[in-house]
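Report on one structure; see the data block that follows.
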Amino acid sequence: MNAAEDGEQIVAERVVLGMMAKDAFSQWLGITLVRVEPRAVSTRLTVREDMVNGFGVCHGGVTFSLADSALAFASNTHGRVTVSIENSITYPKRVSVGDVLTAVAEEESATNRLAFYRVTVLRSDDPSDVVALFRGTVYKTNQVFLPA
Amino acid sequence: MNAAEDGEQIVAERVVLGMMAKDAFSQWLGITLVRVEPRAVSTRLTVREDMVNGFGVCHGGVTFSLADSALAFASNTHGRVTVSIENSITYPKRVSVGDVLTAVAEEESATNRLAFYRVTVLRSDDPSDVVALFRGTVYKTNQVFLPA
Amino acid sequence: MNAAEDGEQIVAERVVLGMMAKDAFSQWLGITLVRVEPRAVSTRLTVREDMVNGFGVCHGGVTFSLADSALAFASNTHGRVTVSIENSITYPKRVSVGDVLTAVAEEESATNRLAFYRVTVLRSDDPSDVVALFRGTVYKTNQVFLPA
Amino acid sequence: MNAAEDGEQIVAERVVLGMMAKDAFSQWLGITLVRVEPRAVSTRLTVREDMVNGFGVCHGGVTFSLADSALAFASNTHGRVTVSIENSITYPKRVSVGDVLTAVAEEESATNRLAFYRVTVLRSDDPSDVVALFRGTVYKTNQVFLPA
């Protein structure tokens, strides 16, 4: 890693840790950080009894929120505030209480103003056990964001 | 309302109330039911301090979950279990702590196996203050669902 | 209609007719304009033999293109160049050769920089015969567009 | 490649060639096949003058159609008829007349009834020059499809 990459990594970590510290909803969900790099963040949670829907399985909103937090963290790692424009999610498999979910967010493409992310949600870190495919488009503002 | 419509309405209410009673995550979010009809349900919540993201505004996952619950309730009102295939959401406006959000779910179109829903999320029931546009596609299984 | 509204209508018509005149692909598709108003345009085509896919029904790309043209026209009616960020489409029903399709594009919501459109594609102008539900998010640039 | 894989490959090729032979719209677009494997097909076209929109750049519907054909071919390679439920597309970059576009469709995940595909559209086969990100969800019917 050269000096420029090292600087990018330091910014990424400061941004994500600063966001996480204020993110009350992610904290309630028990979200933890698994990986933090420029434009790539992984988050994790364990599905609890208070996260189920009316059929007793994991509420889609919980899976979505895990992916959405990973996207928000990843897309802000460059130190400029980004705003989410659009998200979509599909659910290949049901998720149950006790499952450990990991959301892997990575930038697929970007322009000056927009960035396109893919977030894959895996059960037990198993690449063959995909429980959700999430995609997000964000708008990069000019506002600098660099927590102290 | 004729007898058939009356029967549909009774099924819709039993299904939604039965789902709501078990939906621990919707309960934590403080979601309440505003309207329950066949293929049309409205849900509401007030954004709390513990629902914010790393920038201090309402976490996208909260808005999504409100809409997703409305969709789940509405798409099950016919008494057959439906499974969510795909959801998408856009966020025209930011949402803050204290805002009262109402998600209005309505069926746009349906085939024998699939149904397509639109969910509009309004602030303070104001039709001109749309904070999120959500869309969902669901698959209708053959499994009957009618809580006692 | 007051003077300001009249001015908006004139701009909308100039923009859409100017775009249509250069839009070689829409011309090949036989797209015609049914309605042109600020932020609301309807387009129409008749499905031809050379528009089918490998199963002999209307290619999804044809239905998409009809809706996409309606969106492009509608979102440029204010005289500033807009760029499409994201589109999604669902297909409740199959479309056959000879069907007349009308795409009705309307703005659902907008901010200073973004606009969110819904496009509904009907068969034979029948509101109960929805063959596609399309949604588009566009970015409004500062570039003025007003054909002579 | 063992005998089972060899059989799958033969089915995939028969299905895709059979579909392509009837797909009048893909033929008009000048779409050619670059790769045909079970659950993975790549298609290609060169953008022509008659494929532009009102701003003189490639119509979004053309890029969408290239990706949609790749999805349709790929998702039918197993020899059962699939029906498209939902597609979404984003456009990181503009496309111009003369550009050569390749759509790479691959299955991301599948259940018994549904399959989820990602289609990436590249310019000049350059993995760093992504012009569109497309995603499709399909429903697998029980109807066998195996052209003679």
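For reference, chains read A, B, C and D in written order, and residue numbers begin at 1 within each chain.
Assume a contact is a pair of C-beta atoms (placed from the backbone, for glycine too) under 8 Å apart; a residue touches a chain by one contact, two chains touch by 3 or more.
None of these values were measured; they are calculated from a predicted model.
Student: Can you list every chain in contact with both chain B and chain C?
Tutor: A, D
Student: Copies chain C, chain D: same or different interface, half of numbers shared as the threshold?
Tutor: same
Student: Pick the pair with more C-beta contacts: A-B or B-D?
Tutor: Comparing A-B with B-D, the pair joined by more C-beta contacts is A-B.
Student: So which chain is farthest from chain B, going by the mean of the CA atoms in each chain?
Tutor: D
Student: Approximately how many whole Å separate the CA-defined centres of chain A and chain D?
Tutor: Computed from C-alpha means, the inter-chain centre distance equals 29 Å.
Student: Once you find the CA centre of chain A and the CA centre of chain B, what distance in Å lies between them?
Tutor: 24
Student: When the C-alpha atoms of chain B and chain D are each averaged to a single point, how far apart are the two points in Å?
Tutor: 34
Student: Multi-chain contacts only, two chains or more: what residues does chain B have there?
Tutor: 85-86, 88, 90, 114, 137
Student: For the complex, give me every residue of chain B touching chain C.
Tutor: Residue positions touching the partner: 88, 90, 92-93, 108-111, 114, 116, 130, 133, 135, 137.
Student: For a test of understanding, state which residues of chain B touch chain D in their complex under the given definition.
Tutor: 85-86, 88, 113-114, 137, 139
Student: Within the complex, which stretch of chain B touches chain A?
Tutor: 18-26, 28, 49-56, 59-62, 64-66, 68-69, 72-73, 76, 81, 83-91
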